[in-house]
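Okay, structure first, notes after.
Letters are used for the chains, namely A, B, C and D, taken in the order the chains are written, and counting of residues starts over at 1 for each.
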Amino acid sequence: MNASKMTGQAIPTLIKVDPTKPAYEQKGIHNRWHDEIPAFVTVKPGDIFKLEAHEWTGGQIGNNDDSDDVRNVDLTRVHNLTGPVDVEGTEPGDVLVVDILDVQPFEEHPWGFTGIFERTNGGGLFATEFDSKAAKAIWDFKGIYATSRHIPGVRFAGCTHPGLIGTRPSKELLKEWNRREGKLIHDHKVDGQDPVPAVAFPPEPKGAYVGQDLPDEVKQRIYKEGARTIPGREHGGNVDIKNLSRGSRCYFPVFTKGAGLSFGDLHFSQGDGEMSFCGAIEMAGVVTLQVSVIKGGVDKFAMTMPIFLPSPVDPQYSARIIFEGISVNLHTDGEQKSMCATTAYKAAARNCISYLQKLGYTREQAYLLLSAAPVDSHVGSIVDSPNAAVSLSLPTAIFDRDILPQDAGLEKRDYGNAALRSDGVRGISE
Amino acid sequence: MNASKMTGQAIPTLIKVDPTKPAYEQKGIHNRWHDEIPAFVTVKPGDIFKLEAHEWTGGQIGNNDDSDDVRNVDLTRVHNLTGPVDVEGTEPGDVLVVDILDVQPFEEHPWGFTGIFERTNGGGLFATEFDSKAAKAIWDFKGIYATSRHIPGVRFAGCTHPGLIGTRPSKELLKEWNRREGKLIHDHKVDGQDPVPAVAFPPEPKGAYVGQDLPDEVKQRIYKEGARTIPGREHGGNVDIKNLSRGSRCYFPVFTKGAGLSFGDLHFSQGDGEMSFCGAIEMAGVVTLQVSVIKGGVDKFAMTMPIFLPSPVDPQYSARIIFEGISVNLHTDGEQKSMCATTAYKAAARNCISYLQKLGYTREQAYLLLSAAPVDSHVGSIVDSPNAAVSLSLPTAIFDRDILPQDAGLEKRDYGNAALRSDGVRGISE
Amino acid sequence: MNASKMTGQAIPTLIKVDPTKPAYEQKGIHNRWHDEIPAFVTVKPGDIFKLEAHEWTGGQIGNNDDSDDVRNVDLTRVHNLTGPVDVEGTEPGDVLVVDILDVQPFEEHPWGFTGIFERTNGGGLFATEFDSKAAKAIWDFKGIYATSRHIPGVRFAGCTHPGLIGTRPSKELLKEWNRREGKLIHDHKVDGQDPVPAVAFPPEPKGAYVGQDLPDEVKQRIYKEGARTIPGREHGGNVDIKNLSRGSRCYFPVFTKGAGLSFGDLHFSQGDGEMSFCGAIEMAGVVTLQVSVIKGGVDKFAMTMPIFLPSPVDPQYSARIIFEGISVNLHTDGEQKSMCATTAYKAAARNCISYLQKLGYTREQAYLLLSAAPVDSHVGSIVDSPNAAVSLSLPTAIFDRDILPQDAGLEKRDYGNAALRSDGVRGISE
Amino acid sequence: MNASKMTGQAIPTLIKVDPTKPAYEQKGIHNRWHDEIPAFVTVKPGDIFKLEAHEWTGGQIGNNDDSDDVRNVDLTRVHNLTGPVDVEGTEPGDVLVVDILDVQPFEEHPWGFTGIFERTNGGGLFATEFDSKAAKAIWDFKGIYATSRHIPGVRFAGCTHPGLIGTRPSKELLKEWNRREGKLIHDHKVDGQDPVPAVAFPPEPKGAYVGQDLPDEVKQRIYKEGARTIPGREHGGNVDIKNLSRGSRCYFPVFTKGAGLSFGDLHFSQGDGEMSFCGAIEMAGVVTLQVSVIKGGVDKFAMTMPIFLPSPVDPQYSARIIFEGISVNLHTDGEQKSMCATTAYKAAARNCISYLQKLGYTREQAYLLLSAAPVDSHVGSIVDSPNAAVSLSLPTAIFDRDILPQDAGLEKRDYGNAALRSDGVRGISE
């Protein structure tokens, strides 16, 4: 008896990525949506496999203590997606069932970042109100938990997920995206100028990348027509829904032969809303997927967008403190909006940020924390004209002290600050 | 040994309401917000007490099988609120802590209703898209559960809560509400006409009621200036957040001496969003409250709106199916909105309604069900221009069959229909 | 328009109980199990109805501040059960499906008690180790919560349930109970004497009561043969499983025609194990039930005991501190037991009690609190010879301060004590 | 801009294990508890590190389709523990705080096994009742989920944890273990023979291993006196509590200088009780730990055994079906035990096994499944003489069909069988 019977076979990794090299030097990565980007790999229904992914900027952000890299990020190069993966026998109108079996950071790179982007380069929910200047927090991954030297006093369990996952659009769908978003951009021009921050991102050849050897004319067409990856759309895409997490099952509508699944923008954790734009804890890493197909599923389930089933291992924090907001600019000009859930979300977020400031966190820290931590935001009501009500709930157990309201008020501690610009420039004073 | 030692003292009921009589015949009920409505009762910090409440329409809707009462509802008479309750020693700038210890329907009236209101009389989230005609569902309360003869095949645990609870506004706050909402109404006029449905509701003397003997000039001022109760505002009010439920603790900003707490619009259950307008399961009943005060709490906690802590007994349904929506009118004209969470919520809701129709529910039933059942709606992301992503999650265990996607599609059953108008008129055909 | 449309029909109450009168003066109450106790009321499958219940001692314990009533309690008179209720068409071998739709205290009596019983009169888990003397805590019900003037610093949500609910035994089953329990009593006699506390309770005519007019010879037979109600058995009975709570669905084996459902021993809350014997928060109150029948269910589901489905509204406290125990008398003589989960439970409980004493609670308070609060106890492992491992988990959010281990140790506060004997006699010093 | 800024530093792995080689050929592995086994590695408070572990048998069980390896397993060689790890500055009476940050299978070996052991070689809860013969199930790890070709129709999320983790015993503590367990063995001898299965395992030089170069006389003393690793004890050890999972925080009493933490017996998942003895899903893998120290913590927290805080990512399955058991041998001779929670657990387990057999699972499959799946077992009551009540709850969502009781009974499917002995011998017929 000299040999162990412990043998095994790892789940195959179909696309490998080297996160220490720029994304645009690597195969199997693309950063535009287009019907002519062919499968980089093809699998069969029932297959289980792994795919690696770069972090969304493709390696532009470093594990350091200033935010200059965030300030200067090149957004024409994002998001860097792994894929496409085609599934044999899949046709338009089918549903691609994707089990997101696991999502892990690279073992050699147990860290991620959350960023506040400049008002003029990326923006974010409060880009204008705060006149946002670049700031960031680096998070260390300690097993299932994240902590940050830039936001002391908190630790929370990750809800790892791809912020972005979706199927290849058809030519028609792509055209529709470009039409409607182009119209939006056109309609928001003031004196012929685009607003800052932008309302949408039109196709942009600069920075476009397909990660495959394709005929040059195809590449040029993709670069010129390819939809940008910023928003979520009918195929999924960058919906940034934190509960599309490891253990979830997703049903995607299929628009092209083979389905063409791509994903990226891996998050270790994210708050509902991902408010600071690059608000999740962004990371590079590995996903494990299993795929199958439901023929004709789009019609069977009346789908215009993906459906999913959440995971049984999403972090559970039952004790929470909840803030409210309504469709009024409560923190600025007092303007009454008409049933605007976005305004209500912003008001709730501002209330929570102000509360965290009473505890001693700076506005940058609070903004980053709410973006990254397992914060839930519910649409409370959306019919009580003129005010939608939105709530934002903060798990209390992620703090190393009791943060509930006390008769004596909240004890203000010194938590330092987030990583800021090396020139010291911050947004509007708090 | 002949006597039981079982003795006790019930918690006192400070305001009694007879739900079999119209609200406007009873004392301790009011339906406008105004700083000059004095306390109907006064309590001390630490007191525990009960208060009864009419259902929000004050008795206009019956337990029957047509929706004519919904069609004809008089909305100038809503919401019928119980109060105000003053708390001794409370001043502007304080925080009123309210423990919502219990919320129960009247034992003699174990039923409630959910209504789709007419496009021209109340509206609702899809008033225009569906050209909504009145429909309703009557729910029977069976202990902690509700079932409806108008929506067979579902049963769910209630999350009983006051849809509306808040403190008395100061004169300044009331003025500000009237200013900003008046401006909104003004700005939305088309050719001098108000849109249908309305964007907001200005003060309206018709139907106004204070439930107390007050000097006539005071009454007239209240009728003329009093804010309508439809929306939630800085003081709480009709936020319709389902998690302000029995067992929750709420922190309200205080704007006037005594605080002046009023509440009403009791719900047996509600889905996030309460989409059909009268979408919760509306009921009359009893709340049990305990109150205390944090001096100067508004500043201590940087409050512009209430804060609350959720209840440990909110119904827990971990298995869910989740639908998504983005800021595009996916089901109508395909218009691209700019980062509009309301549009995204609507898209997710439409996707879920369509799914339920595949199971055999009519559009009215699906619309009512999503409004009333313990549906969660999360703001997924709100920074990915131009699309916010909103999710809507349906607990699967409330159905008496497996509703998850199947390879063979969904089995369509005959569930009859909701209670409709006696003249048979319905909205736009499905 | 002068009339409210709010009409309704209360769920009928089939058996009414007056808790201010002794149980043995009232109809529809019995305190023995016997096949010849006929239905007090009969219902049909599908019926929804209410039944009232006395607290388990039938009124022997008062809302006061000493434990003399506990010391002197007459245990031949317990438990006082409401019923039996027969369900039409039900036969032996069927399964009675019981939806426990709600469980509420009487509105006029919003309080309950938890007792430590004397070693020589009732006992409890640590009767011998502690040489238990009577002690108790009175709990006030504040909506869904309970607090006690005898155990300051805690508040928790109730998990209301009948500690005791079961079907009428057949003659054969009753005979088997008496056989096996008689043998146990016989085998535990030492020098012809019963041990103290008792290992089981044989039929006892003294104190027996049927709550109906029956022929005297039948009564005498019931008194002489009727099984005592202390333990749970194949029919359910006093299993004291806290999760048979409002909202749960229970499947009971049927042994006699009509099923003969009886219940009692209502608890506002209980910890797993109910360690102090009368460890739950005992109360009088009302249950709402719905019944149906599955023909031949006992064989269909291979049942020897009830099966149940838990409620979605059981209190949820995710943050917990957990104590462990093994099959060794760690706190007394160090004896090693063989795979004894009971010993392991006791060791875990002692560890938790000791921890609570470090916080300042007396041993009586800690013992009562663990009996009454939503404590969970899991069988960790039961195969690692010779030690079973049992865990006991305490929800941390029920305390008004942070009770987790701190570097500096635990702050000891003065919490007074439980209600004790008026003669001041307590058990073995701590 | 040619370089990615993605850099990182992996958490260091302090002890590496090769699972493809037998455990007894490797350093840093030991399989006895003894005060003279020195630290294999030493860390500082605050350190984060990884440690690898063999599966508990050290490689004796293979990924194949018969159970002969289980039949022949050499139990003198178990458990194979990684360690000891000393923590600088730690002394007896301190508390070692261990954050179990993650527990993962080896990436190359994504599988594990659950075994029923022979009555005469290991046993298990029903060794005697079933006259157990070896059987096993191989589980494939698919990200967070496990499935088995030997138990079709189920899939569940893992709750990965070390079944065994504890500190080095002092000489005195070791002596006490050997005393009390020796006495138990002695007292259970019948005619001078040990019972089968054994009640406890005395020190056994055969198979003993320390994984370090030590003076021969020390080794011999360890082999001769070293406590076997089967049971949990005061230091933790093999408590097999499934909630000591990734994300949990554990407080261990320290008995020797440096603390001497060792662990092993990694489980991908386990049911409460781990009833089939080798009932968890056994695996080899990697843990990530962070350690700190509370000086004098044993006294501060009155500890006789470890305390722990559960993880926020333990799998959550709210829908369950629950079986009950009491202290009566309901499935065999009907013997009444006195307040025996172990008997009650067994009765509940038998009821659940019988239910699963009605669904088509064989007894071996059911026994293995309940051992391995996220089954909860609660001590319901432990004071209702003579019957303790224990419940066993099965999550319904782990099955690929609805398993709840139906009026028509349960549909019996053909699920094949577990991996059995190649000679076809099984236990007592079902």
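The rule is simple: a contact is a pair of C-beta atoms (placed from the backbone, for glycine too) under 8 Å apart; a residue touches a chain by one contact, two chains touch by 3 or more.
A quick note: this is a predicted structure, and the numbers were derived from the prediction, not measured.
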| item | value |
| --- | --- |
| Given chain A and chain D, the chains that contact each of them | B, C |
| Identity of the chain that, by mean CA position, is farthest from chain B | D |
| Pair joined by more contacting C-beta pairs (A-C or A-B) | A-B |
| Centre distance in Å when chain B and chain C are each reduced to the mean of their C-alpha atoms | 38 |
| Centre distance in Å when chain A and chain B are each reduced to the mean of their C-alpha atoms | 32 |
| Chain A and chain C, separation of their C-alpha mean positions in angstrom | 50 |
| Residues of chain A touching at least two other chains | 312, 316-319, 397 |
| Of all residues in chain D, those that touch chain B in their complex | 316-319, 397, 402 |
| Residues of chain A defined as touching chain D within the complex | 1-11, 19-23, 48, 54-55, 58-64, 69, 74, 99-102, 106-111, 142-145, 157, 246-247, 284, 288, 290, 311-317, 397 |
| Chain B to chain A touching residues, read off their complex | 95, 97, 123-125, 163, 176, 180-181, 183-184, 188, 197-201, 230-234, 238-243, 251, 272-277, 279, 294-297, 300-310, 312, 318-326, 328, 330-331, 334-342, 344-345, 347-348, 350-351, 354-355, 357-358, 376-391, 393, 404-405, 407, 409-410 |
